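Note that chain A is present in both complexes that follow, paired respectively with chain B and with chain C.
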Partner chain A sequence: MHSATTHTTPRHLVVLNVLAALLLAIIAVLPMVWLAGVAVSDATVAVNRLPTPAQMTTTNFSGAWQAGGLLRPFINSLIVTCIHALLNVFLAAAAAFPLARTRFRGRDTVFVIILATLMIPEQVILVPLFRTVVKMNLYDTLAGVVIPFAVSGFGIYLCRQAMRSIPREMDEAAAIDGASSWQVFRHVMLPLTAPTLATLGVFSVIASWSNLLWPLVVLQSSSNYTLPVALDQLLGMFSANIRFAYAGSVLAVIPMIAIYLLMQRWLERGLLAGAVKG
Partner chain B sequence: MRRRPSFVLSVLMLLPLLSFPACDTAEGRSGRVRVELWTLALRPRFDEYMTDLVARFEQQNPTIDVVWVDVPFDAMQRKFLASAAAGRAPDVVNLSDGFYARFVSLGGLIDLSSEFEGDPTQVYFDGALRVGRIDDKLYALPWYLAANIGFLNTRLLADAGIDPASLPNDWPGLRRAAKSYFERTGKHLMAPQLGHESQLPLWIIADNLAPLRRTADGTIESNLDDPRIVRLVQEWVDLYRSGALPAESAVGDHGSMIDLYQRGRTAFMVTGPNFLQRIHDASPDVFANTLNRPSPVGADGQHEISTMLLCVTAQSKHPRQATRLAQFITSAENQLAFAKIVSILPSTPESLLDPHFRQTATKLDQSRAISAASMRNATSHIPALAAWPELTSVFEERIKSALLDGADVGATLNMIGREWNGILAGMLAPGPFGSDDVADAAHSRSISRDAPR
Partner chain C sequence: MPSASTGHSLCSRRALTPWGFLAPALAVLVLFSIAPTLAVIYYSFTSYTAFAGPDWVGLENYHRLIAGSRFWFCLQNSFLYLLVTPIIMALSLTAAVVVHSTARGGKLLRLLLFLPVVTPAIVASMSFRVLFNETDGVINTALSLLGLPQVRWLTQYPWTLISAMIVTAWKGFGYYMMVFLAGLIAVPRELEEAATIDGAGRYRTFWHVVLPSLRPMLALVATISSIGALKVFDELYITVQGAPITHQTAVPLIYRTLSQDGEYGTAAAQGVLLFVIILAFTLIQLRVQRVRDA
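Up next, the complex of A and B:
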């Protein structure tokens, strides 16, 4: 039913809003356009200019692929990202389940401690983390890249909120039917929080795929380098071939765009999950 | 019991991760010694040179296996610190003269004097060698270096009605030129680094002024309250506040300065000749209009050099073999071979006698020749002081407030001086400036001996 008195936004405000949104969109998109422009420009074009169609080339992509030896880093990034995302989703959900659904002494304290980890920047824990990885004999291994960040406080928080929004009657009904805690988790909680888990998965994929600092520190052999580390090496001290580096960055971004497009529907649902407690 | 598919899947997922073994840095194949070498940002361009270098060293030293690792420039300090904290620092590490002293102060590097075979003073330029000396100990061998040169964008200067030949080549003259260029065009002539990665402490020394002084009891303290230093810093700050220098002069790093030049936003800069290739790659039109000339100098008449160093870490289990590797890499023959594939200069006078350094066929050759000729009067103005990186860090943070917030220059320098004195408390004046002061120490680093003429 429509309200008797409908408010109509003045036309000049609508125009102003559209212009402001357009400006923000341009600010957000412009660096990407510039990145792509430099990546396809031939050697006669300065890096601060966009190429004309006649000045465009695809040779920078093959050049970056060969000069940077990007095949192996690409495979390494793929391995690290997939395992990191799967572990992150599974472990976060597993940790969130008791925090959301069971009562035990110190539960809130544990949750506060988990939340507190969100406030510690990666750089601060770099040295102790590195020492731990070396002691575990994981230095210069892909496992050393994945395991320290296999679960995050953010992921646990996200999953806990999503699980709390599911009516308790659901798992109580399963329990009456004789389901164990594992079965409730596996057959009730995981399916019902799937959009949130998918969202967490996408966040994990993006974070892992673009992570530079930790792999840079913990990896040593070029055969173990992930894509961001290999791209960083294209920017050497003597001759930074910026077109190759940018072309490599465009290649690295493509899988992320594809994943986002594939998961867009889940992502939007997941972001809203837990916003309103049922 | 039936194994759950998800468990099997998890194990399968982890297999590829665990298939890469960790690297043992101490011992290689039985009876052989493994020496790990970290270099700064040489891959992938110098893969062939480094691989050949390592192979030749291993051939000459059949009991040593060398593991070469290249580390991006920005990651080196972090990675080296983390590795040292975890007890797995490399044996030989390539550090820049700007921050290597920090690792000396942390006890991370060893004195090479006793392990070096022969007399280092007969191998390297005196000035380059002195960069590696702290407290009369040799903590680093000089590798390749660059004497800074000036880059001029002739088209931008012509647009402003300036004949490149008439542009002054001393800092007071350049300050005046920057002001009049800005007043005439509304643009910036140059973007010298005053705040972040500040060059001011080095320019103070280059003007025969001493930022530190020795006290009667042999300790050292700040000398930043010297009215001549206050006046010099004030002139730079006033120039910045007048708008004649861009914001990057306060907050930008060396990369920002190069970026402004290669985008045609500034008409003059001072840096190593090796950056000409980068400008060539990034901005062909700016490269075409670029003219090189010797860098401006201070009152001491010395061009600034930047030196790459090779150090042996305190955690090395094989310091003798590690020193031998460092010595091999920095030998005259190997430095000459390196200098022939990139625009850098060797730290060995013997290499610099090669005709290669007098070629002027291309613009890149010319820049190298100018840089090599500048070696007649060149020095590193960085004092041989372990605390120097910490002192410059304090200077940079505080001077930014004078540049950006309008803080009084004299008061800012006094504040910096007090913080410096806290850092230097009780520290005895080390060898190189035991005679008088820091300025003397820097000036005694002249590397004119045997430079090509």
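Up next, the complex of A and C:
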């Protein structure tokens, strides 16, 4: 009875909520509207204006693929992104497992060092990083884009937090039954932390798909470019190609929206699990 | 631990296992993050350019940086950029509250507000460059329709910083919204109801019951977003491309020193100073939060 009355919200608050929701949605979407506007404009529209229906065209999209040469970078980005996400999730989970569960000499030191790597901006270490990659014969290769950032301190931290929230009885029971560390990791830890791992996977995908600076430094031949590098190059060229770059960037957002929609349920569970722990 | 003392084969194998799990990740971090950091610290004490070096010069790079004005100016801009943190926090907390109390269409709203998070920084910056265009961009057009003066978003200080901050806030608030949303969902319903039954209004309930229970998330978001603000690069690199470097922040300065000036030693010293500042800032922030929680 009581709860029924307390749940009804005053009307002015409902209106305020709807208005705020609309405003936030407009803020979130407005820049994308202009992006799409430039992407579908024909050459008669100034780049900063929105086209009228009569001025719309789809030629920029085919132009982006062919004249803009974005097809190859698109594929390169797909390869880099998938491998990076898989590596990051697997390596981070593996490293987090002993940090969350075992007591061994040097554990806390290792963990502090891992956290310290979070504070290093990649731009600061660009020169030595570049020299290392050249020495390893990874310059101008997709492997050179992926391997240096194959695992992040953030990922290890996230996985450790998730694993610590799993009741110890779960893996102790498995260990008593004679399971090896690997089996405990594979059959207890990985499935129970799946929402966090999925979240980490999605964020690796987003980060890798967006990464501009490092690929810009390490890739030289245009056949190896990732999508952001190719877009940056297109922007730097003739203004005729600007609309191709905008069409290309619309195409660059679509896979990310798709992955968000596919993973939405996991993502929200993962974010909730991670954040509640603080 | 018994494993060390007994030396039993099973136990010593046990002791090796943690390192087996850690090895691949540690190898990557040591090779590509820690070793380069140590190398940068070494370079910062050397004369090292695209053509010559590294040759040991002691503190010369640091002396030159501290005596010069460019580095301090960009560093000051980095600290001004921290103003984006309260903006992001206010925006994401509002968004979380709105999403939390939106029953119908909540899922669509969450998708729309998360859209900026999944948008690559270069794409976000490209769209904002169009909006911020100084001659006929939509924002300046709207300002002049309202009879307000035009703003030189992409070339004039401090608007260059503000433009990039708007992009940062736009790209970031959806993520932090999810963090706050998690916190809001975790607030026990009974607590809110008890406060309401006690006669507390909606606003007072939010202020005295909901907000305090969000404290861990507020701390988390403040820390993460301010480290991000001090490290900002992408938004400035694309959005205000071409603006003088003194209109930008520390990390773009470091990149400029590396890529255009080819002065690796100087850039290394700039990087080390920035790292020390971020570290000190983070430790102070954590300490303040701990004191407040105690």
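Basically, the second predicted complex is superposed on the first by the 246 of 278 C-alpha atoms of A that agree within 3 Å, B and C clash if a C-alpha of one lies under 4 Å from a C-alpha of the other, contacts with A are read in each partner's own complex, and residues count from 1 in each chain.
Simple rule for what comes next: a contact is a pair of C-beta atoms (placed from the backbone, for glycine too) under 8 Å apart; a residue touches a chain by one contact, two chains touch by 3 or more.
Quick caveat: nothing in here was measured; it's all calculated off a predicted structure.
Following the overlay on chain A, a clash is recorded for the pair chain B and chain C. When both complexes are overlaid on chain A, the residue A:191 reaches neither chain B nor chain C. Within the superposed three-chain model, A:25 lies in touch with chain C and out of touch with chain B [touch as defined at top]. In the superposition on chain A, A:126 contacts both chain B and chain C.
In the superposed model, A:67 lies in contact with chain B only, and not with chain C.
Within the superposed three-chain model, A:178 lies out of touch with both chain B and chain C [touch as defined at top]. In the overlay built on the shared chain, the residue A:141 is in contact with chain B alone; chain C does not reach it. More residues of chain A lie in touch with C than with the remaining chain of the pair chain B and chain C. Within the superposed three-chain model, A:104 lies in touch with chain C and out of touch with chain B [touch as defined at top]. By the touch criterion stated above, A:53 is placed in contact with neither chain B nor chain C. Shared contact residues of chain A with chain B and chain C: 46-48, 126-127, 131, 213, 232, 235. By the touch criterion given at the top, residues 43-48, 67-69, 79, 82-83, 86, 90, 126-127, 130-131, 133-135, 137-144, 146, 213, 216-217, 220-222, 224, 229, 232-243 of chain A touch chain B in their complex. Chain C meets chain A in the complex at residues 1, 4, 14-15, 17-19, 21-22, 24-26, 28-29, 31-37, 39-40, 43, 94-95, 98-99, 101-102, 105, 109, 111-124, 126-128, 130-131, 133, 135-138, 170, 174, 178-179, 181-183, 185-186, 193, 196-197, 202, 216-217, 219-220, 227, 231, 233-234, 237-238, 251, 254-255, 258, 264, 267-268, 271-272, 274-275, 278-279, 282. The residues of chain B lying in touch with chain A in their complex are 10, 13-14, 16-18, 20-23, 40-46, 69-70, 72-75, 78-79, 81-83, 85-88, 262-264, 274, 277-278, 281-286, 342-344. Within the complex formed with chain C, the chain A residues making contact are 2-3, 6, 9-10, 13, 17, 20-21, 24-25, 27-32, 34-35, 38, 46-49, 91-92, 94-95, 97-99, 102-105, 107, 110, 113-114, 117-121, 123-129, 131-132, 147-151, 153, 156, 181, 185, 206, 209-210, 212-213, 227-228, 231-232, 235, 245-246, 249, 252-253, 256-257, 259-261, 264, 268, 271-272, 274-276, 278.
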